[in-house]
Amino acid sequence: MAKIAYYPGCSGQSTSVEYDLSTRAVCRELGLELVDLEDWSCCGSTPAHTVNHVLSAALSARNLALTEQLGMDLVTTPCPSCLSNLRTAAHKMEDADFRAKANALLDTPCTKQVTAQSVLQVIMEQVDPELIRAKVVKPLTGLKLACYYGCIMNRPPALMQFDNHEHPMVMDNLMTMLGAEVVPYPLKVECCGASFGVPRVDIVTKLAGKLLDAGRELDVDAFVTACPLCQMNLDMRQGQINSALQEKFRIPVFYYTQLLGYALGIDRKELGLKKLCVNPKPVFNKLKETAQAS
Amino acid sequence: MERFITQDNLQRFAAGLAEKKNVLAPVASGGTTTFRRLRPGMQLDFSRMAVISPKDATFPRNETLLTVQHYPEESGKRMELQEHLPEGEMVVIGCRPCGTRGKLVFDPVYETQAIKDPYYIRRRDGATFITLACARPETTCFCHSVGSGPADEEGSDILLTAVEGGFVAKAVTEKGEQLLGDSLFEDAGAKAEEAAASNASARKLMGEAHDFSSAAEKLLKRFDDMDFWQTQSDKCISCGACTYMCPTCYCFNITDDEAGLVSRRLRTWDNCMSHTFTLEGSGHNPRSTKAHRLKNRMGHKFSYYPDLHGGQIACCGCGRCIKQCPAGVDIRQVVMAAQEYPDER
Amino acid sequence: MRIGVFICHCGSNIAGTVDCESVVEIAAGFPEVVYATDSMYTCSEPGQEGIITAIHEHNLDGVVVASCSPRMHEPTFRRAVERAGLNRYMFEMANIREHVSWIGKDKAHNTNKAADLVLMAVEKLRRNRPLVAKSFTTVKKVLVIGGGVAGIQAALDCADGGLDVVMVERDQSIGGKMAKLDKTFPTIDCSSCVLGPKMVDIAQHEKISLYACSEVESVSGYVGNFSVTIRRRATYVDWTKCTGCGVCTEKCPSKRSPDPFNEFLGTTTSINIPFPQAIPKKAAINPDTCMKLQKGKCGICAKVCPVGCIDYEQQDELVTVEVGAIVVATGYDLFDWHKYPQYGEGRYPDVITSLQYERLLSASGPTGGHIKRPSDGKEPKNVVFIQCVGSRDRSVDRPYCSGFCCMYTAKQAILTKDHIPDSQSFVFYMDIRAPGKGYDEFTRRAMEEYGAQYVRGRVAMIYPHGDQLIVRGADTLAGTQVEVPADLVVLATGVEASQGAVKLGETLRVVPDQFGFFVESHPKLKPVETNTAGVYLAGACQGPKDIPTSVGQGSAAAAKALGLLSKEQLESDPAVSKVNVNRCVGCQKCIDTCPFGAIKAVTDRMGRLKAEVIETVCQGCGICTVTCPQGAIQLEHFTDNQILAEVNALCPPKMNNVSFE
Amino acid sequence: MSGEVSQLEELKAAIRGQLDSLDCVIGWEQGYDPLHATPLFIRSEADLERLTISPLAVHNPATYTTGFKGKKIGLVVRGCHSRSVIELLNEKLIERDEVVLFGLCCDGVVSQRKIRAALPADPGFVEAVELGKDELHITVAGEQATLKLQEVLADKCLHCAYPDPLVADVLIGEKHAPRQAASPACQDAFEALGNEEKLAFWQDTMSRCIRCYACRNVCPMCVCQDHCIATSRDHLWMSQENTPVENFMFQMIHVSHLTGRCTECGECERACPVDIPLMLLRRYMNKQVREVFGHQAGIALDKTPPLLTFQVEEARIKERDW
Amino acid sequence: MSAQDEQRELRIVGFLCNWCSYGGADTAGVARFIQPTDLRIIRVPCSGRIDPLFIVRALLNGADGVLVSGCHPRDCHYAEGNFYARRRLEMLKRFLPITGIDERRFEYTWVSASEGQRWQHVVTEFTRRIHELGPAPFFNPVSEEEWAKLALDGAARGASCACHG
């Protein structure tokens, strides 16, 4: 079993606990042993690096150092925002002067180059696709999905170095592999409004509303996401969007790990499906119908 | 006159001499032993025969013959020439009989009726040789084949023979006798016999000598047989190790070094194994291959020189050229091959 | 040697901070200096006369002038010593102005430095030897590579000037990019009406030989005497017989052959004549799609051809021509816009290039001049133009401006309105670059008279919505994001160097810059020359250019070629490399490193390999001299000894008088 | 050492088979004493009988190849010698069809210098030598000495990455498992010295040099033959004066011309009559070449020496800040 | 370093290609960009003409510093000269440390004909560096005392030289 350091990130402990849960379950099933960083700290999210680059990098560098202390050189996280901060820190630490400044703030300096990758990347690159196919017990056949990646998962490309930043395909491919029909969703990397959900909900309802609209136009059964914030804006705020835009969207929004876990036959409790705001039941009903029909 | 001197005192004696004169002595350096100017604090190394011969004493590798200084025209003298004749005395300590005797080859060349090389003559006259007799021959030694031996006194002023606790020093010349007057020398006593016995035993250890008596004639006969020389020179790489280390090689090159306002005329060792040695201004080279050059080296030492100078072979049998040749060319073998080679084929 | 040294005061330029009299005094003591003096302005008439008089009076055979930079006045003084009967290479210059008096504050140091520089010059001069230029005859013929408008102009000018011309065109017809255009800016006149007659002139000019479907394979030789091998690709049609009647193209059953002339918007027949005005008007078979050549079945064209010119067995042919000069006019290629993921990477058929749009506009194009969008053939109402696609963008390694896209976009916006009066054009732009005559007015017309809506900003994304494309971009002037629904998106695709340029550059020894455009000899003063003598540049192969500039350069290159070949004989610079055959061991390392192919291997009479310099090709860089370990090849006038003499003059080796043995 | 005996016989048989078609085959025989070998130019059956391939047979036969241009010869080559041959081929200095290579998988050769240091008396007094499996039994000045072969192997052999010929027509002996090259400890120690110490070392060492050019002439890659700029009459590169600075200048010429070409056969150092550790310079230069160009001379055919080519973007040459 | 020493010129040799750097130095002159006076420039057609051994010769002859400058990569008048030069010079620069000659005494760079200001900067910086390093030691001992010291140190090193210990 491959051992990989795991950084859940703050949202994994709260708003997206189902993402964390399903990630752990899926990884276990696919033979990836996630080793939790002990005493990890918040990556600083957006606010930290808007204030001070060194301090912001130090926050993430601390987590890189923890990885190093585990004797590992790779750390994985489900959250694109955390990933972005981890990778930014690792990148900046390549510069000796910057490294010295950031390390001065840490109890245990980060000396080695530690790489951070998304769980998605780890699954796609370290797990044999044949293994995934072989392990699918409940295929997603008949399901029409839109994969929505969000704006920071693959950007900036020079930093993230994974998938196509304007037209990413890995989630599409993964879902196809599970038997689903994936539509050519044109707004894959559009912004959902991100944390504007707090100060300017009107922005989010507008942006996320467009995302839902494009999905509806393509007649999708559900959205698939890989970002806690994206998922929250599309799922939790769907009601706000409906009232703001006079719409009647009812499109479930999954984490890709939830659908992957479902296909792999993982117990639904472990996938945190109950945490979803838009009831996913129609989706599963449809799946059951298709399964019975065939 | 025979005297005795302890090992320590010989070092002291040498150091004392070095305060007044130039002393050239074998000194250990970087794992090897070469002749160097003895400077304060340096130790004599008699443990092995020095790699390089002591010929620097009478025929130095570099000799500035004259220097030229340019002046502005207005000053009346366009340039000034200054001759650099050697000055001072030189004492060589610890050379072997072969190396000492090797320099005798120079005399018939540098001091003849017609030509008297003042640089050479001054150096020769100012040089004293304190030679160390060999106790045991090396595999490359063949001094006895060229008319000498491990305790040959020819050319020396003093001959040292190693004995228990030190050396017996025998004055060969008057110059040598004067030096033995130094208080560091003691009465030789019975040590003199020990020395004589050692010298006799060394001679015996040398075994049978090569007979080079027909070399002069046979080498001439071989002159046009380039096949023979090509085979003999197969492994020669045309470097100058043999000639530069040879105590008897006396060829030199003269070059002018110019640098800005000063220039000088320099005499340096030349090397007959090199292509440029006989390269003519026209670009023609009468000895264009290493075979030609090896032939010349052998011929010169064992045939042409002896022919001109009363049969004296221009080789002292020290074996340096054999021992240090990077390709293992053996001068004895080449001469013997030339002698043994059938006249008619 | 008898050397004279002349120290120039340059008024107070030098004398102000250098004690020239002292330098004279010091220099007088330098080796072989028999005469030293100073003068107020050595380069002036009396100054030069002074040198000449001194040469005669003091019987000088070498001269050193210490004054300004040799890059300034070396030619002047060389001519002066030549007038006095000396060889011009028996002259050296010490730069005591730019390198001494103008940059140093301390007079004592400056004087000292000036004297050193004079000593260096003297020491080098002492190793100089007279060098004499060689004369050689030239071939009065010019090779023009590329039959676009620049090449056409160059060829016609050369031919009219009396030179024979060989034109080589890679495609089936000459005309280049201009032949594909519908109209040209800023006059909106018909492109083919302007270009057509010139193309016909090429075909009919008795001094011009045209090789279409051909490429330059290799070039050897040197200025005045190049030998060029041309590969004529097999067309499977005997062009000596083909009359261009077009019967074969009508009958060809294989109609799905890609149509490069129409920018792949439609298809054509396997045997085809690319467009009605093609020159030469000859048919050729595309072997990739021809059923006869692919499967051995069909052969209809051979049956229908009235003159029996079809030859399925035809092979490539190599032709060698001797020319005296070469004009490179290989033009440009379009940037591959698929590198931009935000424009859909080719997923949306209604995102097309500007040149494809030209074909849609053109009456001879695949739609007969009606604007129909590729996806469904509908006439677009909203057309969005995106500028700077592959221009001025470091992220795709195209930091340069392609120069003419602003203009043709304006033209296309105007033509769109002409074709579809109820249409609306939107142009996303960064800056409008319209610096030509009548250009800016033209773009204004597009905006003001034709109502094209110009949006200053970049496009971030194109995505489909219904049967339309939504173009989202920034409007930086309004400070907002805009979304424009478009029926058709036209990308003003930037210019990049022609794909074969790098390889051709190697053949011609003309260097491409980092983007593949050929580098001219001097950006201002030698814009059409290259660093290889006798090779000239015309058109966009040197950098993005519009039609008038390309034509102008074509004429300029022709003028250069005519000037060069108008001389009966050419002289070569004698400061070139020279092989000492006695030292050369024939290892050929110099041949490998020479950037100009100026060294060849020859066998001497003993059968040994030796290097030999082709004096007329050698440019005098000296790379070979450093390459040769035994110093057998020496760059004349900059030999090892000459440079070492300078080094030794500057840092005299310590004369070592301490004996160590 | 029965293995070696059978290898020798195998080699002799291989040479015998081709001797008629070759001008000569270059191998080794015993030299002036039992401790020293010397190059052997085999032209007859009788010559062949004298062939030896013991660890005393050290000379690099590739040195002689350029002298036989136009003739077809055979060479008995060890791994390092084959590198010299490859480099000569790559530089078009010899033709592949003009050399027949009899390759020996090599277990290393001796350093006479180390033997000298290990013997109780000067090797000049050697009387007999017997080769054991892992040791040398040497009688010198009447005394018996046993030297472990491993302890007197040449430095180049101790860390040799290419003991087996990289090109050969006939291969004799067992191939070695891949090995990692390393520089001798003394190299690292020397490189760690300060500039002043290094300079002093060369000043002193170069004062021993007699400029005999053995290092040059024995070097298989010194192909200027008789036309070296150091001994030319008309070049100002060097004074003929024998002083440390001029001697060192020559070494700089040598190493400069060897940049990217030195195959580390160690012949220069071996040939030096005054024991100058020339490989210090060569190894260091080779290290730089490896670091910057990823190039090692003579390990692959059809490679261009790095100074005879270039890349527009040099990945490992950084422009320095000013 | 006393004020007088600072005033004293050191011997710095420059090798400049004719087309770019020599022109750059001219440009600096024309613009009257004041520079230290230690440098003496040898003009060569191309940096590809510069044999690294010229630099070695200068350094061994006692030059305190050697500065080489050519056209920027890709800008060579002869297309490829500076590409070859870059390799040759880089190897020399990297090699110098083993000789005991301070590699900071040699530098190579690229200056175009238009970069007068850059040339001034390069000369000023390099000259400053060489003055910081001070006069270069002579390779040949220049006095009997130096010889004695050298020989004694050598003897002390004995057979255990750095590499045969």
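Lettered A, B, C, D and E in written order, each chain numbered from 1.
Quick note on the criterion: a contact is a pair of C-beta atoms (placed from the backbone, for glycine too) under 8 Å apart; a residue touches a chain by one contact, two chains touch by 3 or more.
Predicted model only: the values in this text are computed from it and were never measured.
Hopping across touching chains, the smallest step count from chain B to chain D is 1.
Chain nearest the geometric middle of the protein is E, using mean C-alpha positions.
Interface comparison, C-E versus B-C: the higher number of contacting C-beta pairs is recorded for C-E. Put simply, the C-alpha centre of chain A and that of chain D have 61 angstrom between them.
The distance from the centre of chain B to the centre of chain C, with each centre set as the mean of the Cα atoms, comes to 68 Å. Separation between the centroids of chain B and chain E, computed from CA atoms only, is 42 Å. Separating the centre of chain C from that of chain D, both taken as means of CA atoms, is a distance of 49 Å.
Looking at chain C, one finds that residues 582, 593, 627, 640, 644, 648, 652-654, 656, 660 touch two or more other chains. For chain B, residues that reach two or more other chains under the stated contact definition are 29-31, 36-37, 61-62, 257. Chains touching one another form the pairs A-C, B-C, B-D, B-E, C-D, C-E, D-E.
Note for the complex: chain D touches chain E at residues 113, 117, 155, 184, 186-187, 189-191, 193, 195-205, 207, 237, 243-245, 248-249, 252-253, 255-256, 259-260, 275, 277, 279-281, 284-285, 288-289, 291-293, 306-307, 310-312, 314, 317, 319-320, 322. Those residues of chain A that touch chain C in the complex are listed here as 164-167, 184, 186-187, 190, 214, 217. Per the touch definition, chain C reaches chain B in the complex via residues 25-26, 28-31, 33-34, 119, 123, 582, 648-649, 652-653, 655-657, 659-661.
The touching residues of chain D, counted against chain C in their complex, run 70, 91-93, 207, 223-225, 227-229, 232, 234-237, 239, 241, 243-245, 257, 304, 307-309.
Listed in rising order, the residues of chain C touching chain E in the complex are 69-72, 95, 97-100, 102-106, 109-110, 112-113, 116-117, 120, 509, 511, 513-514, 531, 575, 593, 595-596, 619-623, 625-627, 635, 638, 640, 643-644, 646-648, 650-654, 656, 658, 660.
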